[in-house]
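Pasting the structures here.
Across the two complexes that follow, subunit A remains constant while its partner is subunit B and subsequently subunit C.
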Partner chain A sequence: MKSALHNMNPSVKFVLVTICMFTLAFFFNPWTPLFVWMGVIMMQLLFSRIDWKMWMLFMIPFVIMAFGYFWTTLVFAEDKSGPVVLSVWSMHITEVQLNHALSLSFRVLAFSGLSLLFALTTNPVSFILSLMQQMRLSPKIAYSILVGYQFLPVLKDEFVQIQQAHRLRGAVQEKNVFRRLLNMRKILLPMLAGAVRKAERAAFAMEARGFTGEKRKSFYTIIHVGKVDGYMVSLFMLLIVLSCTSVLYIN
Partner chain B sequence: MLKSWKLKEVVLMSLFSVVFGIVYLLFLHVGNIWSGFIGPIAYEWIFGIWFIVSIICMYIIRKPGAAVISETIAAAVEVLLGNAVGPRLILAGVIQGLGAEAAFAATRYRRFDIWVLMLAGVGASVFSFVYGYFMGGFTVFSTGYVLLMFGLRIVSGAMIAGVGGKAVVDGLLATGSLRGYAITRSKKGEARA
Partner chain C sequence: MLEVIRFDHVSFRYPDEEKWIFEDLSFSVEHGERVVITGPSGCGKSTLLYLCNRLYPGNCDGIVKGTITLFDKESEAYEPGEVNHKIATVFQDPDAQFCMLTVEEELAFTLENLNVNRKEMDERIRDVLELTGLTDFRQSIIQQLSGGEKQRIATACALIMEPEVLLLDEPISHLDPYTAKQFISWLDELQKKRSLTIVAIEHRVDLWDSFFDRSISLESMPGAGLLLKREISKQGKQALQVCKVRTDSFLQETSFTLEKGEVAVLAGPNGSGKSTLLKTLCGLIPSKGTVKPSQLGYVPQSPEFLFITKSVKDELSFGGGNGADILLERLHLSAVTEAHPFAVSHGQKRRVAIASMLCDGREIILMDEPTSGQDAASLSELAGLIDERAREGTTFLIVTHDMEFAYAVADTLLLIKKGYLTGKFSADSVWEDEQLLTAHHLLQPKGWMAREVCFA
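Take a look at the complex of A and B:
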């Protein structure tokens, strides 16, 4: 049971998470996103073996972002109706404003919770394979994405190498942030030129081994849709229905 | 549609996506921390960076679909790299790509000058803003604030994605590594004419 989320079909999980996010976009009360967020955390506690330290680390920027949404909504609100609940300096914050602000910040948290649920329990390679097998993604695109994914460590090394080469020739690192951003071009160009060459070589090698990019029926690694998907989909739907109707019984 | 695509072009898009995937992630973290202090508007002026891959790939490959497919691949790669924004990004990528694609389709994939590239950046801005308006719940912000965000995003799309994208590709073209792609062929054609 501890691995239910890991064993889910990646495409099913992907569609499920996307549906949950779209549903949330229709709600402007604080409770619905809050309940979804808490439900998602519960779900992960029960059905996954994720590294919670990692989860916290990933969550930090989103908490900061949620705070940004919170105060922006308070200051730049459109709808300022309802009774005043809070007064800070010369600013009066109404109930509607506060609800909207809380709702948007919880929405950011719920979105990131859902995303992390997907990101931390899904194997990237089987996600792409599943998109190809269940969602009919063209093999040409699917395998090209996998090629890019496999090249990631190489490109990372190259990035470090180019930086070191620049330093070796006495290029000083700019202190000014904007200058530094402009200087990124000096690293980007050699990396892209290298990428072009690597792409050509990889494509040539694939074609030399008989890869045509045609649609196929049989695969070496088969990604299944199983019972566990059915259970998890119903659980998620239950969570969404409960959180969406929460407004009705809380008020 | 994919029949006319050479494998090396698709792999090229994927590798570009990885390079820019790293850049995107960098900017995402910058944007995230900024947005804590100045709110969601923090993303707007750097938003163009997220459209750059579609414009670069279309400018190089020049085939119908290059903008949408490349932006979608870039989003998928970003998800693979372990991005915390997750699956939502793929959808956003498709929508941004469609915006850029619309501009190229409007010129029937014949013109690839700076104006069309900037227009593509604007197209991506408009499409992504409509999507963001819905998903981010911008309806609760006052009209003036939303218009300011929208304006900033359009300028960013045109400048960073359009002008910046062209600058990157022109630099790349000078290295001579783009031989065998549509962009080099058309440059030769222009020289002959």
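Take a look at the complex of A and C:
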């Protein structure tokens, strides 16, 4: 029960999340995205074991963005019709204005909530394997992503090493963020050179073990589509339908 | 006997280069043989190996003349990937030949490539792990294993295809001497069990003792390949004082001193903290204790990590030091002063790195694994460089696995094990003490043994 979201087939989950997002795009009112967002949080509370601290951390930029949308839409709104609901100093906010602002900011929250649900409950390796098995992704692309994923820690080590070497040379860390970004290329250049070499080696090693990039007939780790997926799909659909129709009975 | 690989008058060159890598090469390998291919870097050893497993010419659009026959069939007549399960390959770099997370997944990846039925997979994985004695590693995460273990896993991945020929691309160049020896004797047993044909490329054949039946030399080794033992160049004046240095996590309390002009080699097993000690000494890792002087020169395994500017000359004067011109000349870099530091040869890169350290007034040079993956010619060039600089008063502390090299250059040895510095010894006293060597995964250098025989 607590791991239903983790046990879902990653491809099914991916399609589901995409459908939810697509549907949301057609509804411009504050309630639908708000309900979806709350529903998504509810579902994660019930069916997942995610690290909520991490969730909050990832949510921070989206909350800021949502507030930004809210604020700018309020201040720079074009359509200022409707009765005034709120007056702050000399600013009069109409119902239409407020509705637009809330719709936009909740939409940001709903989208980010859905993306985080997917990102935090999916193992990247099984996602790729599942894309290959259920969505007919070509092994050539799938395995190149997997190899890249294995290389990430190696690249990180290399980055630190180069940074250390440069520090030793007396290259002082720039305080100016823009300058620091510009200096980054001095680190990235040797890294890139190394990465090209590594990539070639990895490709050779794969080919030497008979990898041709053709569709495979058998898999060792099979990513199943099971009952859990059925239940979760129905639940999501229910949530979407309820949120979309909410406008009807609230008004 | 059955011929498995046969080259008839084969020449090869890359499409955008005029020069042939090798010309009119003919040889054959028979079933069950152990053959080594030798030659200096850049003579086409790897190219030859890639022609044997059909990675070339397809992957580089190379131009081949002559005929290559694999198992009585011309190489070009095979489908891509078809011959790879009969001729399997183990590569040099333990970090760049895996694409999955765990050993089991990696083995399964190989079987999937061959379209093996899923029901058979489990049994074949179990069998190959048993054969190679790696059963305990089945669920291990590959990136967390040591270099030696990774090479054994890579060999298991090659063997699971049930190949007839095993190609090895300098498989021991990243391993410490003891681990390398273990790998070789492990391979020896495997070869007997499975009656494999083994074709290896290697420029340090001496490490393999009598493993190979015969060797094919691509180009005669230049005479410079012989490493000669240098004279001791200590000048009796203390240059480096390390007092009670330790890090919070791994490195135990370490104290030692080095003299001006002294060449010390830091040796120990894979993962014993050699690189950590070097980095701690030059202040890249926070630590307690004192190091005098505080400014030490450091040359990482890839010297290009140090380079910041766009020309060799700027690179030297980057730290604000004077005398760049004199140093350029003394380190034989006059010809490349205006070149981009990334565009010069590996040996030159290392000289640029050392020169820029010296130019900053860092008279003590710490070198991390400068010998790894170097052929005989560049090793002797490196030994010559160190000797020359040491004579002029530079102090060296060098991390290396290469015992022949250590024997040739070292005045003293610092031995380290599990983050604990066992001590500083004069070189000769270490070579005598087999117990001490074994405890640190080291072997007696052949040079030393030859000399002992002479005296006896």
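The rule is short, and it goes like this: the second predicted complex is superposed on the first by the 248 of 251 C-alpha atoms of A that agree within 3 Å, B and C clash if a C-alpha of one lies under 4 Å from a C-alpha of the other, contacts with A are read in each partner's own complex, and residues count from 1 in each chain.
What we mean here is this: contacts are C-beta pairs under 8 Å (C-beta built on N, C-alpha and C of every residue); 3 or more make two chains touch, one makes a residue touch a chain.
Small disclaimer: the values here were computed from a predicted structure and weren't measured.
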Under the superposition described at the top, does placing subunit B and subunit C together on subunit A give a clash or a fit? fit
Is A:Ala193 touching the first partner subunit B, the second partner subunit C, both, or neither of them? both
According to the stated criteria, A:Ala202 is in contact with first (subunit B), second (subunit C), both, or neither; which is it? both
Subunit B versus subunit C as contact partner of A:Val147, first or second or both or neither: both
Across subunit A, the partner (subunit B or subunit C) reaching more residues is B
After the superposition on A, what does A:Phe111 contact: first (subunit B), second (subunit C), both or neither? first
Have a look at where A:Gly170 lands relative to subunit B and subunit C in the superposition and call it first, second, both or neither. second
Report for A:Phe211: first if it touches subunit B alone, second if subunit C alone, otherwise both or neither. both
Between subunit B and subunit C, whom does A:Gln161 touch in the aligned arrangement: first, second, both, or neither? second
Considering only the touch criterion stated at the top, classify A:Tyr231 as touching first (subunit B), second (subunit C), both, or neither. neither
Between subunit B and subunit C, what minimal C-alpha to C-alpha distance in angstrom results from the superposition? 5
Contact residues of subunit A, present in both the subunit B and the subunit C interface: 147, 189, 193, 198, 202-204, 206-207, 211
Complex contacts: residues of subunit C adjacent to subunit A: 50, 53, 55, 59, 80-81, 84-85, 88-89, 91, 93, 95-101, 105, 108-118, 121, 143, 154, 157-158, 161, 279, 282-284, 298, 300, 302, 304-308, 318-319, 342, 356, 360
Subunit C-touching residues of subunit A, taken from the complex the two chains share: 125, 143, 146-147, 150, 153-154, 161-162, 164-171, 186, 189-190, 193-194, 198, 201-212, 216-222
Tell me, which parts of subunit B touch subunit A in their complex? 2, 5-8, 10-19, 22-23, 29, 32-33, 35-42, 69, 73, 76-77, 79-88, 90-91, 134-137, 139-145, 167-168, 171-172, 175, 177-178, 180
What part of subunit A is in contact with subunit B in the complex they form? 14, 17-18, 21-22, 25, 28, 58, 61-62, 64-65, 67-69, 71-73, 76-79, 100-101, 103-104, 107, 111-112, 114-116, 118-119, 124, 127-128, 138, 140-141, 144-145, 147-149, 151-152, 155-156, 159, 184-185, 188-189, 191-193, 195-200, 202-204, 206-207, 211, 213
